[in-house]
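Each of the next two complexes has chain A plus one other chain: chain B in the first, chain C in the second.
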Partner chain A sequence: MKQVSVKPVDKLSRSAVLWQLIACVAVVLPNVVWLPAWVLLLGAGCIAARVMIHTGRWSFPHWSLRLLLVVAAAAGLLVSFNRDASLNAMVALLTVGLALKLLEIYRRRDALVLLYVALFVAATVFLFEQSLLMAVYMCVAVLAVIAALVSVWQDPLREEMLRPLKLASRMLLPALPLMLVLFFLFPRIGPLWSVELDRSAARTGLSDSMAPGDISRLTRSDELAFRAVFEGEPPAPSLRYWRVLVLSAFDGRSWTVGSSSARGAEVLDVQGETLTYEIVQEPSRQRWLYALDVPLAAPPQAQLTMPRTLVSANEVSQRIQYSLTSAPAYQLATQLSQAERRAYTQLPSRGNPRSRELVSTWLNESQGDVVTLIDQILAYFHASFVYTLEPMALGEHSVDEFLFDTRQGFCEHFASATAFMLRAADIPARVVTGYQGGEWNTTQRYLTLRQYDAHAWVEVWIEGQGWQRLDPTAAVAPERIEMSADQLFSGQAGFLADSPLSARRLIRQGWLLQARMRYDALNFAWQRWVLNYHHQQQNLLQDWLGGITPWKMVLALLVPGALVLGWLAWRLLRWPQPQDPLQRHLQRLLQRVARQGFQRQPDETLNRFVARVAAHSPALAEILQPVAEAYEQLHYAPSTDAQARQRLLAAMRQAETRLKS
Partner chain B sequence: MADTLAKQVQQACEQLDQVILGKAQQVRLAVTCLLSGGHLLIEDLPGMGKTTLAHALASVFGLADSRIQFTSDMLPADILGVSVFDAPSGAFVFHPGPVFTQLLLADEINRTTPKTQSALLEAMEEGQVTQDGETRQLPDPFFVIATQNPLTQFGTFPLPESQLDRFLMRINLGYPSPEAERTLLMRGDTLSRRQRLPAVLSPEKLREAQQACQQVHASSDLIHYVQRLVQYTREGDGFSYGVSPRGALALLRCARSWAWLHERQHVVPEDVQRVLEPVVGHRIRAAEDMAGHTSARLVSELLSRVDVMASG
Partner chain C sequence: MISWPAGLSLQREGKIYILPTAAGWGFVLLLVLLLLLSINFENNLTFALTFLLAALMVVAILYTYSNLAGVRLVRATGQPCFAGEAAGFTLQLGSDTGREHQQIQLSWPGSLPITVDLVEQNPVQVELALPTQRRGWCTPPRVKLQTVFPLGLFRSWCYQPVMARALVYPAPLNGVSLPSTAGNTGQGGLVVQSGSDDFSDLKRFQPGMSPQHIAWKVYARGQGLHAKQYAARQDLDIWLDFSAWPEAETELRLSWLCYWALKLSREDRCYGLRLPDQTWPPARGDYHRQQVLQALALYGQVNS
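Up next, the complex of A and B:
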């Protein structure tokens, strides 16, 4: 292998190399959860190689080996990401680049390239996760990168690890005011271009159709769906039905939204008090919004559909916040047109014969009374059905198989079967999907709804009462409605199967639960007030400045910048510091000695100073003597080589430690 | 070899200490001046041992010496020599003056007129004498020790600044310490002792030592220090004029010799500080508003103002 010679000027200190490694690991760490395993292996290998190269045990790899690695890594990325130019693939590419660059850090410039890429990787982390903890962690990671930058520029002889960190902290501190000003005042401009997030890692959530098994699959995930903040008391658990979609078309197996008519929303007759609340919805990559049964009006940028669900004008691709008012007690659509009636009793002409037969038997028994029929259905479920997260697969006649053979299912099975049976009895019915329940956080007064809270129920239209909510799950497993899904399912095998290490799975009681709730509340506040700040920003700016004008912006950015720069300039002029790091070190040492009462006079050389100190404190003079000797050797002796500097540095460091003790 | 030579010079110094009691510092400065190949001005009251020092130096270094006692009626020819018409040969014959020697003691140089002073000082600077259109080389080494009484004494002609600059060093002997003086009084006459001083060195050895001195290493940091000192005399408050480049060269030269004398292979700032007052003292002048300052006080202020460890 070819040996690459390194100019001593460009040499990096040992602490600089260590800092680079720390910085690289720190910025890549958050992405470890999704990066392909081979990328992580490559990174670990490169770090090991870097250490071996720096300690001189290995030489730099030959260019052919590096080329081979680059080609192999590129091929690996193509295979791993299926030639999909997604955001994940881009970040993986950056990470691979970062790792491979570690193998060719010959001089200062290479180290700088490495660290600039590391800063870029650090920024990409926020594309995947924006929690408070992550923000705090990334502050630390960026501090590490800045420390690495500092260490790259420091004297190659310096080996202390903490010094670059201290210096980096001191450098970042003056940037803080500017950061705050930018945060408060810089306008949130929409992206000029955007890259699709990886489709394969698409969000879990409700879809616009419901087949058996769809919703029970959602319980495998504890991903956050939305949070609802209440001004007053939250509704009782049995009333926490979050309406998302109304499915009215059935094809014998799955329910879909069906054709929507252009008519306005169904007439709502509010009975009793209304509830006002605020929803903070996570990105779902769908257009529908969430509302407590049943919303009075749509928020801006959204509209009410006919069955009173909410649809946004745009896909929800980032966290949004909106305010709603709902009526827990209501009468909905007391009048139904013939066309609607036909639509809500529509069934495929054939299929599920046993169920149809059962319904006609019951209908004969109840002499056509709707309420009796419903009671019969619920009693039937209550008698012999099992509510389970992992129901058996169903075939072509899904309702028949569920009702007569398997007799076990999740909410979508019960909802689907109930709606089918009602329609078979010529009673208008429809399936509603959404979420039920939620975890109440007392500290911040909000409900957290996760994917495992997904639920499906039925609405049945009764003459004179309009659409009434009918939840067959409540008949089979009333605890599902009373308790949170989290508490109910915790023992079952399929629950949270996709997130085996979820905190929710492990922490269910005691102070740990309290701590988790508090952290969740903190994180939520962070999301509402920091991440979603642009909502408040407009109003705030309006109040403070009477609207944004370009010159006000410039002023707001320039004034703090000028203040910080002015302060820095004043400091530099006030305390001129010697450029030579050795001189600075020496100055510090002498300051320390001065605190013990010995101030060096300008005309005193170190030797004379030490001699004077010796007259009063021989012990102190003994500590300083090697420094004085090394100083004379370095500054006045004929051959001043790097070793002389090293010796002086070592002497000063030793004196410093002895002075401290 | 250099070591042994330095040792020999140190032995010579110790010999001198036997004669000039309690003035070790001044003795070594005088030797340093000699090693640097410059001329020495001793300024003090009469009877402090100036002449004794000059004679002792000449004996110890094995130099031929002569002495001129300056008076107010002396003429240049009394120093340089005179051409006299020799009737038998029908030509002018040059009779060399006392300046043609290796070590010249110019006693009480400020008692003579500036014209005569100039004649000597030109000889000192050029190392040669031009008389009647003929240039004659002075011996090598040629070393002048001039003594002068403080200027406040009656009947003196002060040396002009430009001529003071020709002396490498100016030292004061000062009164001896009580112990030294007691020893002196007990021993009695010094004249006989001085004559019995053996020659420790030869003029050849002296030349060798002079060359060795200029080989002593002066680092860039040290040269920066010298430069800062000189710079301060030019820019600092309280100086009416500063040290000339010749003065700066002299300072470095003497610091080298001082370091060599103390057996160091490189110059340290202490060397510069030691020779600073003798080398620079007569080359600076306090500004009018600081008329009360003597040059010693100016030099100590100079030392305390220029940080020896400042970088750059």
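Up next, the complex of A and C:
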């Protein structure tokens, strides 16, 4: 036994100091990619200095030096972040604070401040990066912080590094199921005040105007646009037209949305089955949402425009999720007012003379029949046009040059030329931009649409039938509609030019493709069920609890919580079973005796206990006497005497049977 | 050899209380901040982190509780001291839970707390000092065991009775000279056995004699091991008499007597003690001194 002397209570152990260093590094590491270089240098310097102090080569810095560092760091922050109170500035401030505090940790109180701030910094990491890998990494980082917290409170003389880590992991393990319960049940309310997340990176995507070259430029990027989850079967590839914008104004070169009238959405007559699906849209920094041609209604917080596209109340700056129902077969706006007819046949008064001439020739040939004219246009394209990602640049009379000179183009060229010719023939027409196709993930049943799936087509209004989809690209390159853009363009130089290292360029078949699909599915599940849980919670709780009432919520929280904590309490507080079978036997026997009212005192020998019992119940004492004797014999017997053990065991068994009877 | 546990039933002395510490409230503040962050950025991963830490805090309650549960005072002994000093208690802290108990702090009100681990050693012996004021038996209050381990977020504590007492002697006071009372007459005789004043004789060394008295010079001359015999030329009986200062109050008189008893013991003189109700005949040695001091400590106390 050792004599324990008075120790300084407040000092940190040496292993605790090392744990503080590890915890801080682990928490700051994910932010290294964007933190200003001088902050990283300062952090590295402080860590190095603390290690020097730790190994006894340096002493703690003088207060004047510390003050100097604080002032310099504050000035640095002001310069780096230009006095704007952004999230980045706040995290940088906390990081600088961590680094400087690290320099002077010596007592418990210092370490606590450090670790609490480290936990806060750990949380802010998720505001910048939310991937599955990052979540796994942050679990490790938080484990390091908790280990550091344990090391703060342990004996200052303890040196082992692993001891706090073991205890921290033993504590975090039962916390995980409790965390899940809270995560499922805690009601998600909207933001209390508006915050501006600075995701300054420019995004590629559709814009509200379409000039030649705009859509083909998007094929340079494999950035995710959105994913669509279908409850049942997905639509056939030729029906996967995702409607985003309808462009109705033409200035001779580019198509724009044009002035929108205040009227409600065009009348939709659904023919055949509808499809219900869910869209998880990546942040686009634009207001429009994506829908399969053509949506029945708008999701909450969005509106249906007149030509049945969706527009959100706010810019989509975070990943959002919404449910939609669409009708693949439909009749849209069978009636067209005079104003609308005028708007949809509007063309600049001059320009593209050769195209106008060609149309009037065809009109004469078809004697004004719309369908014949359309067939003629498509046949014209089919005969001699090339569908390419990198068409030649077009000049002032873009339609003329495309139709008669270059004869090569991407979908926007065909759509633009088709709509122009129809309007020249006084047939209402408009351009629709959006996405076409998508990669079907067989493991998780969803479509992935990327920027290179961007597409443009035409809608033409036919008397009695309303707006009809007309995709001239299908006449030139029907494979574009049947195959995914990825498969179709893989050989072309411009495709994915902006993502030279994309896995998509390298992996197109075999088990690697399967693995990529699975990885994508995992990521998508992560986004849907974890990152976007607030969109799912309502339905999920409804399904699981059968209605959300306060009572059910409380029960759903308490029951699993009590189970986990009860299990933990049992693990922590149960009395250990004696390892020795003799001891177990004796314990059982004495419990049996105790039930008859005789409790052996802790400091009582078995012999004295039996003597005490004899005073009250000679019969019971008589049963116990052989046990006490055998026990005594064992105590004085050599440790190797197996017989003595056997005798005691036999005596206890006998006493037990006699007690039962 | 099989070893039997001291007790087979969970012996818990009293309740275990548990409350958050200041660091715990700080942690709650951190959780609130994290929750605000999560709500405002609608970020489910920060929600998850917040809930993980909240759950960890709940788990910490159980861990802090179980760190103390099962720890008990196995044994306690008290060491005597003089009034005004701190009485030393040797407390033996143990558990037979089979778990590790770390950073258990023992304290009495007003005493310096001591922190121990029950990890490598179980039970552990702790020296704890309790300040005393008055002579007599010092019965310590219940000792407070408390711990904030492992996370420092909660403090759990309990009180356990200390089954020991320490004897507190009167504070020795040097104020008076011993009066020459009836017994202290004139020259007195020579006391041969074990005085220490003057050298008188050499005797053959026998085991049990004080090694301090070995005549090393004689031994060096090769004449064998001898012990020097001293004779204390002194009064035969020095009496420490309680009634010598009738005008002084009791406690003061006891303090004076205590001082003289210590001084005479140090000088290895033979003295006796006369209290109104008891008399210790003159003697010397540690046992006598203890007897005398105990008598002084407990004089006039009811439950001595």
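Here is the rule we use: the second predicted complex is superposed on the first by the 337 of 661 C-alpha atoms of A that agree within 3 Å, B and C clash if a C-alpha of one lies under 4 Å from a C-alpha of the other, contacts with A are read in each partner's own complex, and residues count from 1 in each chain.
Definition applied: a residue touches a chain if its C-beta (ideal position, glycine included) is under 8 Å from a C-beta of that chain, and two chains touch if they have at least 3 such contacts.
Just so we're clear, the structure is a prediction, and the values are computed from it rather than from any experiment.
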Between chain B and chain C, more extensive residue contact with chain A: C
Partner chain in contact with A:Gln583 - chain B first, chain C second, else both or neither: both
Partner chain in contact with A:Leu41 - chain B first, chain C second, else both or neither: neither
Touching partner for A:Glu632 - first (chain B), second (chain C), both, neither: first
First (chain B), second (chain C), both or neither touched by A:Asn607: first
Partner chain in contact with A:Leu112 - chain B first, chain C second, else both or neither: second
Partner chain(s) touched by A:Leu167 [first = chain B, second = chain C, both, neither]: second
Partner chain in contact with A:Ala74 - chain B first, chain C second, else both or neither: neither
Which superposed partner A:Phe183 touches (first chain B, second chain C, both, neither): second
Common interface residues of chain A - those touching chain B in one complex and chain C in the other: 578, 580, 583, 600, 602-603
Complex interface listing, chain A residues touching chain B: 578-580, 583, 586, 600-608, 632, 635-638, 640
Chain A to chain C touching residues, read off their complex: 1-4, 6-7, 9, 108, 112, 116, 119-120, 122-124, 126-127, 130, 135, 138, 142, 146, 149-150, 152-155, 167, 171-172, 174-176, 178-179, 182-183, 186, 188-193, 195, 197, 318, 530-534, 561, 565, 568-569, 572-573, 575-576, 578, 580, 582-583, 587, 590, 599-600, 602-603, 634, 639
Complex contact set, residues of chain C against chain A: 1-2, 4-11, 23, 26-27, 30, 33-34, 36-56, 58-60, 62-63, 65-66, 69-70, 92, 96-99, 102-103, 112-117, 121, 123-127, 148-152
Of chain B, residues touching chain A in the complex: 217, 219, 221-222, 265-270, 273, 303-309, 311
